[in-house]
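What follows is chain A paired twice: with chain B in the first complex and chain C in the second.
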Partner chain A sequence: MSVSLTRRRIRLLNRACWTIALCVVAIPFVFPFLWMVSSGFKSAAEIFGSPSLVPREWQWRNFIDVFNYQPFARQYFNSLYIAVTVTTLTLLVSSLAGYALARMRFAGAALIALFLMSALMVPEEVTIIPNFFMMRWAGLVDTHWPLILLPTFGPQGIMATFLMRQYFLALPKELEDAGKMDGLSRLGVWWRIALPMSRPALAAVAIITFLNSWNLFLEPLIFVSSLQKFTLPLALSNFTDPYGMPLWHLQLAATSLAVVPILIVYLIAQRQIIESFALSGVKG
Partner chain B sequence: MTSLSLSNIKKNFGKVEVIRGVDLSVDDGEFVVFVGPSGCGKSTLLRMISGLEDISSGVLRIGGRTVNETPPARRGVAMVFQSYALYPHLNVRDNMGFGLKVRKVPTEERARRINDAARTLKLEPLLDRYPRELSGGQRQRVAIGRAIVGDPEVFLFDEPLSNLDAELRVHMRSELASLHKRLGSTMIYVTHDQIEAMTLADKIVVLRDGLVEQVGTPRDLYERPGNLFVAQFIGSPKMNILPFGSVAKALPGSPGRASHVGMRPEDLTLTDPGSGLVSGRVLLSEYTGASSLLHVELPGGEVFLVAYDGPSIEPDTLLGLTIAPDRLHFFDSDGRRTQ
Partner chain C sequence: MAKTLTMRDTTDREKASWLTLKMREAMEAWLFISPTLAGFLIFFVGPLIAVAWYSLTEWNLLTQQATFVGLDNYEDALFRNPDFWHVVRNSVIFAVGLVPLNMALALSLALPLSGRFPGVVIFRTVFFAPVVTSAVAWAIVWKFLLQGEAGFINQILAQIGIDGPNWLREPNWAMAAVIVTRVIKMVGLNMILYIAALQAIPRDYEAAARLEGASGWQIFRWITWPLLGPTTLVIMVITTIGSFKVFDHIYQMTGGGPENGTLVLAFYIYQQGFQFFDVGYASALAMIMFVIVMILTLFQLVLRRRDT
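Showing the complex of A and B:
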């Protein structure tokens, strides 16, 4: 009896220690988030006054001013539709290209895969100027096209293609043979067998792509100049006074609003997100 | 009537010729088994018949139609794969009906065929389960069911039982035999398991290095192997082979052209040392329950296998071996049967 009681106590103590340790480790990650949300409810003066997590006076107005200061709703919508479009296109292109590279025998397949992989080594910043000239030549500057085309066919798209290729390589070939025996064309095998079986990889690609597109800053900064066409990362940096100094209370309120879709994605797909990082071998 | 014929069928992978000219005809309703050692091309040949592999040259006819260029789904064949190849994202019903759905068979007709096949294979209680929820034997039955619903003219089986445990294998073997009897369809079956080949086949095709070594009934192949390779490949334990010269004196009236003589382990009987056809020393006695397998070393160093069901024999015992003359197999210097 006493032995089992002692064991239970040890187990409880162990768990308590772990919980405290994890809470301590979580502080640097959680505190800035809480600070951001609480500061969104403070006045500009209070942010620089005595530091406190709870606002002295709740400034709900900040969240209205955010929309009055610039076309924030429009910018929010821009980010949302661009992220959804990029994600959809990337899923389509990367799964088709990945399938072709993994499963179809054609001349130069290995070389193409090698080229794609080597493109991943090139930093995005290096290609931004040639990309800008290309987009200007195509008449796409100050439109949303560069923000859709570059991530879809650029490094993020290639990474997605690589992920899909690796996944398709591991799919049993006999399943495709069974599909062919059942009367499917190559495209039919991709659509009705390979894709439904690749849900984990597709989820990983979708999550990574959506987050990348949502957080994209450099490309909007270079390619978009009209306020109406801004995306959220650019819009957030635009909450400034006439002298260019940040309006922190508005910026933090807007940032709190901007993380809502990301939070929703995280809440819905926590498990897939962890799997996706494990699958892609990239950090979050 | 769905007969099948292969005329000088060849297959190259790059410069490597894996099927080197196969001629074969399969009659309607026949159960034909392809056997041969690993890499002999038996699975490739089956895949060529199914349409999953292109035919480099030669003519393949199914039911009188040349189908060299016909896509797999239009050849009237269905295939059961070694790994079952069930779609993991579909339940049993959808797995079985998938091909029919692709071919746009009406829903009612599809349901009727699925239910018929499920009844035949006792799969009715499993129709709503997913493949991961099934045992190996059940998965195998679903794979067969998927083949049946398409009502194919020819069934192709690629080592379908090799992933099952020994007991289930025996059970599925008999189920396959009865299924063949019930459906009366033409079936082509690839295996490296001799027992499967011998028990299921109307006709066995022995392949080696992309060529047909012999075609015949199981009894033909066992009792009258056409060459040394078939003689040693068919039968377990395998046939003992000796150079004819070493036993020529004891075998007056044997074919003059003989170069080798073969004796099946189960045809040999023990006798006193010095008498009989050959004598030797017991190296090892393997007790298998119903009988023992003796490894007997002959004076020339050859090791003979002898199936024996008497009292146990200790190693190093000297004994003689004899055999009925009509159970001897003679082969010429090219390895071909001489009688």
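Showing the complex of A and C:
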């Protein structure tokens, strides 16, 4: 009795130690978010004052000034519609190709898979220069086309293709065969049977693609130059005075506006989101 | 094509329809895959060939003409331009600092968080949160926290009597700051990969070892760690390659400075290509990056194959 009690006590103590240690380690993961939001409410004068998480004076005006300083609402919308477009296109294109690679027999399938796979790891910096000249030649500089086309068809899209292929391979074939017997075309089997069965993979691709597009920086920096066409990450880095020094109170207010909605969605769907990354990470 | 085949083989209907079916399937497959393949050729393979060609030319900004100069740009990088080796040195320091730190922290977090206890999901959620946050936003906040005298970190340090450095204005501290903030941002990803791998280890192994009287450390050293081998290898290569891609984080936090102290290869390519418009040289740098990444990828494939 007493032995088991002390053993339980040791285990509890052990767990408490672990929990405290984890809490300490968690500080640099959580605090930046809190400090970001709190500083977004401070005035330019208070922002470098004595460090306090609660502003002395809640400066709501920052969140209005953000929209006056540059077309922030428009930039917000740009990020949103580009991310939605890239996600939709990627889902369509990658699930088609992934299905073909997983289910259909054709000469060169293995070769194409290998060919595509070789691109998976290559950073976008490698091909960005010729892509810039191509876009300029096509008259697409300072439009949103490069920000849609490059992520959809670049290594990101390829990764989505392999994620879909992997998932299709693990699906039972019988249902699809039955669909074919019932006279469905290949396209019909893909749309009516394979896709509905692969919701988890589609969700994973959607989540990762959306976040990638939402956070994309190099491409907007290189391809977009007019304020009206900026995306969020570019807009955030642009809250500076004429000398290039950051206007911290505005920048942090804007950053809060960009980050907090994503965090809220993340907190609601954290299980799904984390699983999506685990799924793609194992493949990558 | 299909039609002529069926006509020729009218005597053997079975065989003919089988052939056309097979061809039909192949044709449909090509249709299914064609958007991906076309995009891949246009936006990846083409540019890759182009960048290899650009790297052999000198680009004239005035006439917009490319002149063939052979391996001149590579010789520039490797032998004449001291900046290049400085950048390589920075990239290596960045990778060597980031990869072990990231992996050690990821594994130390994954070990307790692969179990089940109240609050485990909260901890996982917290450590993963920076992964979904944009690197630019993350870098903005940390740049703010690391400001010279009035920055939060230095104010806290001052209260315990430490005179903190001007983190982002001194090359070595700036490098350390970029590495550490990057690790905090990305460690959640490796953590969940490790958690998945740990949860896949059968519990019997540990139970059996405990019965034999093995200590916690012995179990980790002789059972858990070897079983994590393949995962560790994958994580190591992914993280190393990822460290070569880091651009937005550094752009926002230090701009490659101070005194080029955080100028890494990805940033150098951007700088040479899009700020100094030295297209030939920047392309040579891009090719060097491509080769490095390919070597790392092959290295991983070979090791993986040897393991299985």
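Everything below uses one rule, namely that the second predicted complex is superposed on the first by the 253 of 284 C-alpha atoms of A that agree within 3 Å, B and C clash if a C-alpha of one lies under 4 Å from a C-alpha of the other, contacts with A are read in each partner's own complex, and residues count from 1 in each chain.
Basically, a contact is a pair of C-beta atoms (placed from the backbone, for glycine too) under 8 Å apart; a residue touches a chain by one contact, two chains touch by 3 or more.
Note that the coordinates shown come from a computational prediction; the quantities given were computed from them, not determined experimentally.
Asker: In the superposed model, does chain B or chain C contact more residues of chain A?
Answerer: Counted on chain A, the partner with more touching residues turns out to be C.
Asker: Is A:Y81 contacted by the first partner chain B, the second partner chain C, both or neither?
Answerer: neither
Asker: Counting only touches as set out at the top, which of chain B and chain C does A:P172 meet: first, second, both, neither?
Answerer: first
Asker: Please indicate which partner A:T19 is in contact with in the superposed arrangement: first for chain B, second for chain C, both, or neither.
Answerer: second
Asker: Touch test for A:P196: chain B only (first), chain C only (second), both, or neither?
Answerer: Touch status of A:P196: first partner only.
Asker: Tell me which partner A:D182 touches in the superposition: chain B (first), chain C (second), both or neither.
Answerer: First partner only, chain B.
Asker: Looking at A:W58, would you say it contacts chain B, chain C, both, or neither? Reply first, second, both or neither.
Answerer: In the superposed model, A:W58 contacts neither chain B nor chain C.
Asker: Looking at A:I222, would you say it contacts chain B, chain C, both, or neither? Reply first, second, both or neither.
Answerer: second
Asker: Going by the contact rule set out above, which residues of chain A touch chain C in the complex?
Answerer: Going by the criterion above, the answer is residues 15, 18-19, 22, 25-26, 28-30, 32-33, 35-36, 39, 48, 50-51, 93-94, 96-97, 99-101, 104-107, 109, 112, 115-116, 119, 121-134, 149-150, 152-155, 157-158, 161, 186-187, 190, 211, 214-215, 217-218, 221-222, 232-233, 236-237, 246, 248, 251-252, 255, 258-259, 262-263, 266-267, 270-271, 273-274, 277-278, 281-282, 284.
Asker: Within their complex, state which residues of chain B touch chain A.
Answerer: Its residues touching chain A are 47, 50-52, 71-74, 77-79, 81-83, 85-89, 98-99, 102-103, 146.
Asker: Please name which positions on chain C make contact with chain A in the complex.
Answerer: 22, 25-26, 28-30, 32-33, 35-37, 39-40, 42-44, 46-48, 50-51, 54, 109, 112-113, 117, 119, 121, 123-138, 140-145, 147, 150-152, 155-156, 184, 189, 192-193, 195-196, 234, 238, 241, 244-245, 247-248, 251-252, 265-266, 269-270, 273-274, 279, 282-283, 286-287, 289-290, 293-294, 296-297
Asker: Taking the complex as given, what residues does chain A use to touch chain B?
Answerer: 172, 174-175, 177-178, 180-184, 188, 192-193, 196-197
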